[in-house]
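Next, two complexes with chain A in common: one pairs it with chain B, the other with chain C.
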Partner chain A sequence: MLHAIDACAHTNRWRTQGGPMALFCAGLMGCALLAPPLAAAPFVAAAASAAAVLGARVPAALFFRTLLVPAGFLATGALALCVTLDLEHARLGFSGAGAATALATTLRAAAGVTVTLCFACIVPTAQWIALLRRARVPAVVLDLLLLVYRTLFVLDAEFLAIRRAQDNRLGFRTARVAGRNAARAVAVLFLRSLQRAARLERGLAARGYVDRLPVLTPPSTATRHTYAVAALVPALVAVAAVVLGAGQ
Partner chain B sequence: MHIMEGYLPVTHAIGWTAASLPFLVWGVKKLKDRLRDDPEARLLIAAGGGFTFVLSALKLPSVTGSCSHPTGIGFGTVLFGPAIMSVVGCVVLLFQALLLAHGGLTTLGANCFSMAIAGGYSAWAIWRLGGAVRLPPGLTIFLAAALSDLVTYCVTSVQLALAFPDPVGGVAASTVKFLGVFAVTQVPLAISEGLLTVLVMNLLRSHAGEIVAGFAPALKGAAR
Partner chain C sequence: MTVPLLEACDLHYAYPGAAAAARLCPGQRCDALAGSTLAIHRGARLALLGNNGSGKSTLLLHLNGTLRPDRGEVRCDGAPLGYGRRALAALRQRVALVFQDPDDQLFAGTLAQDVSFGPLNLGLDEAATRVRVAASLTAIGLADRADLPLHMLSHGQRKRAAIAGALALQPDLLVLDEPTAGLDPAGVALLLDHLDALHAGGMTVVLSTHDIALARDWADEVALMHDGRIVAGGSPESLRDHPCLRPAVFRRSRISEVP
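Right after this comes the complex of A and B.
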């Protein structure tokens, strides 16, 4: 999932529209959080999914498959909200009010997850970090973000390779051996991360790195028109949600 | 274990973000100071962030709109201190929200408070306390990693209980309910993470003691 989302963000059709997409997603997220969830959530989820799949041409299979994992967590989480606990009699029971809360919360969260995934699949990391720079987030944090981003994929690949090698040597055949090998994998990963950091440091120092890591982003193709559309769609969703919400 | 995107009402999301901000501002200041004194630590801290990300990406489903995984915060806090680790933890949570659909942007403040701040500072307090009362270092590391996990889980349960009070028993009953359902996955996980951290420290000490002690003197001879 890690590689798929990142690759998608760098190859989709709207990858140079970071500003408008941030505005679009912020607007939709505002609708998801503030408008009545029963009315707003379907519109928000539909708008975010359409933007990602139809607009930016994010592969539908990837987008909806990625949504399945949080959807599973939400479904199980809804059960806990439906249950009420009477501490005096130490009794569990079903609660109608809890079920209503569960429905509203699950819908709101599902809409929110769809919007965040839409943003993650469309806006490349370097672009949202550039937006954070414009928002005057401290440079040291942005630098840390970029450096962590550079190490994530290498370490993820290293960890998978270590686990696969251990698995091939029957490293997980008993719980005891599995525990010891998990610790070995983590220790080796930690040492590899230090080695990678040292190599990265040498490489960056050779290029004159002091305290800022410039990253070139493709020139933005955003226009006033795209900003207007990006603001208009969430506004329409909000109006529709408020009108429908008032009628319920 | 992170609260999902959009799960908290907007006032709670803003409230937890506001509660996290002073700690993050302090953490950024400490990070700047550390990097001014030791610029080479920049890449080590970034590597620590990547390490925490990979470690905490091992998810287990839970039954409270959340999921469970080793946090790596206890380990990171012992290496870098709680203030810097709160910033690193926040960065890791941001990447998890965007690249793994795990946690969320609107719940970043709440997750940061429970995992990076409450978890990190409690790990540091246990680590220092263990040193002060001369507990065996291995036991101190175990307690720091395991209890910081449990503190994270307790704070997340309280966050969820405040957002969703029980219709009958209120916040107290809701807290008990969330603690109960999280306990199924989180208590064994906390013990596992504590044991894992001790094993990792032992391996690092026996195979790479000089390297580790070079940038984290506190760990020299730590796990025994």
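Right after this comes the complex of A and C.
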């Protein structure tokens, strides 16, 4: 899923529109967090989904299948909020107030998650790091972000290789053996990550690294027009949410 | 006689902990380099040939100051290397090293960003850097992948990406540690074509390998390495009858029989 989302971010139609998409997603996130959730959340989720699937041409199957994972967590949390413990009769019961809280919280969270996924599927890492650079985030933080991003994929490949090597030698034959070998794989990965870090440090030193990792700003095709549209949509969503929320 | 572009003089080097490991494993060397001497002249196309563990990578790491010898010295244009920050920065602009595993030196979000690292470190502005990045990627046949993240490139492409990163520094000497390792024959042929083009453009190229045929066919000059020392050197023709270069002998690792 990590690879699929990353590949999508680097190949979608709006991959060079990092600035406008950041504005768009920030606006929608603001609506999700601040506007009345019952009215705002459906609009926010719809706008984010439409932008990703119809606008940027993110594959719908990938987008909505990925949303199922956080949806599972949200549903579990919502169920817990709906339940109350009756100490007098020592039993679990349904809580109306809890259900109302669960609905509002779940809607707000679902809208926020949809916006986050929209951003992740559309804006490549290099683009949003460039935006943070423009926002004057300290260079050392950005260097760390770059290294973490690269290392994630290198270690993911390492972990896959370790798991495959174990699997080919029947390392996952039974649940007990599988658990033990999964723990061993994590331990090996920890050691490999340290070795990788040492080798990368040497490699970067050979390329002239001293204390900074300067890189080019990725190309952007953003215009005033795209920024305006990116600001207008969340504004309309906010107005609609406030109007509908006032009527409820 | 011309002064070599780069010269390794009687280099000795032991990795930290090697002596302790040698005590546990009798017969194991503790010196990765045990008196290596090598001269690299301008315009050379040199192959450093040796078995695994012979010290090739360690020697190459000394050539751009990544490792500092315990004994002996490296000279650039006849002057001993300095290991201060400025001296190393100047050296690494002239001597670019490409590691065997490209993931040891690639770090950025996209290919173009990674290649831009060297030029920006040199203090070039963004416009000049973009020109160098484009030229380097074109030279190595990856211009159409400039905006892809590194993990979306194949192993062979990442190897070439690492070379592009080195080329962007416009070095005098390009040093490659086992550049053909892990590549299929087509990948090897493509890589060698690129190296030939760079050499034809005036760049001095040194690579390490344990592939005798590659060393014979590609290099103008071969240096044989064994047990941390250069044991023979010269043109591939002059070494044709050398006992080390008989493939069957090399495969059986009897290079140690060389005096």
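Note that the second predicted complex is superposed on the first by the 229 of 248 C-alpha atoms of A that agree within 3 Å, B and C clash if a C-alpha of one lies under 4 Å from a C-alpha of the other, contacts with A are read in each partner's own complex, and residues count from 1 in each chain.
Just so we're on the same page, a residue touches a chain if its C-beta (ideal position, glycine included) is under 8 Å from a C-beta of that chain, and two chains touch if they have at least 3 such contacts.
All of these numbers come straight from a predicted model, not from anything done at the bench.
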{"item": "Touched partner set for A:228, first chain B, second chain C, both or neither", "value": "neither"}
{"item": "Partner chain(s) touched by A:170 [first = chain B, second = chain C, both, neither]", "value": "neither"}
{"item": "Partner chain(s) touched by A:124 [first = chain B, second = chain C, both, neither]", "value": "second"}
{"item": "Partner chain in contact with A:50 - chain B first, chain C second, else both or neither", "value": "neither"}
{"item": "First (chain B), second (chain C), both or neither touched by A:200", "value": "both"}
{"item": "Which superposed partner A:60 touches (first chain B, second chain C, both, neither)", "value": "neither"}
{"item": "Which superposed partner A:73 touches (first chain B, second chain C, both, neither)", "value": "first"}
{"item": "Larger contact residue set on chain A - chain B or chain C", "value": "B"}
{"item": "Which superposed partner A:6 touches (first chain B, second chain C, both, neither)", "value": "both"}
{"item": "Which superposed partner A:219 touches (first chain B, second chain C, both, neither)", "value": "second"}
{"item": "Set of chain A residues, in rising order, touched by both chain B and chain C", "value": "6, 125, 147, 149-150, 154, 196, 200, 204, 210"}
{"item": "Of chain B, residues touching chain A in the complex", "value": "4-7, 9-10, 13, 28, 31-32, 35, 39-40, 42-51, 53-55, 57, 61-67, 87-88, 91-92, 94-95, 97-102, 104-106, 164, 166-169, 172-174, 176-178, 181, 192, 195-196, 199-200, 203-204, 207-208, 211"}
{"item": "Of all residues in chain A, those that touch chain B in their complex", "value": "1-2, 5-6, 29, 32-34, 66-67, 69-70, 72-74, 76-81, 83-88, 93, 95, 97-98, 101, 105-106, 108-113, 115-117, 119-120, 125, 128, 138, 140-141, 143-145, 147-152, 154-156, 159, 179-180, 182-184, 186-187, 189-191, 193-194, 196-198, 200-201, 204, 210-211"}
{"item": "Interfacial residue positions of chain C with respect to chain A in the complex", "value": "61, 64, 66, 85, 89, 92-93, 96-97, 99, 101, 103-110, 112-114, 116-118, 120-122, 126, 129-130, 133, 147-152, 165-166, 169"}
{"item": "Complex contact set, residues of chain A against chain C", "value": "3, 6-7, 10, 124-126, 129, 146-147, 149-150, 153-154, 157, 196, 199-200, 202-210, 212-219"}
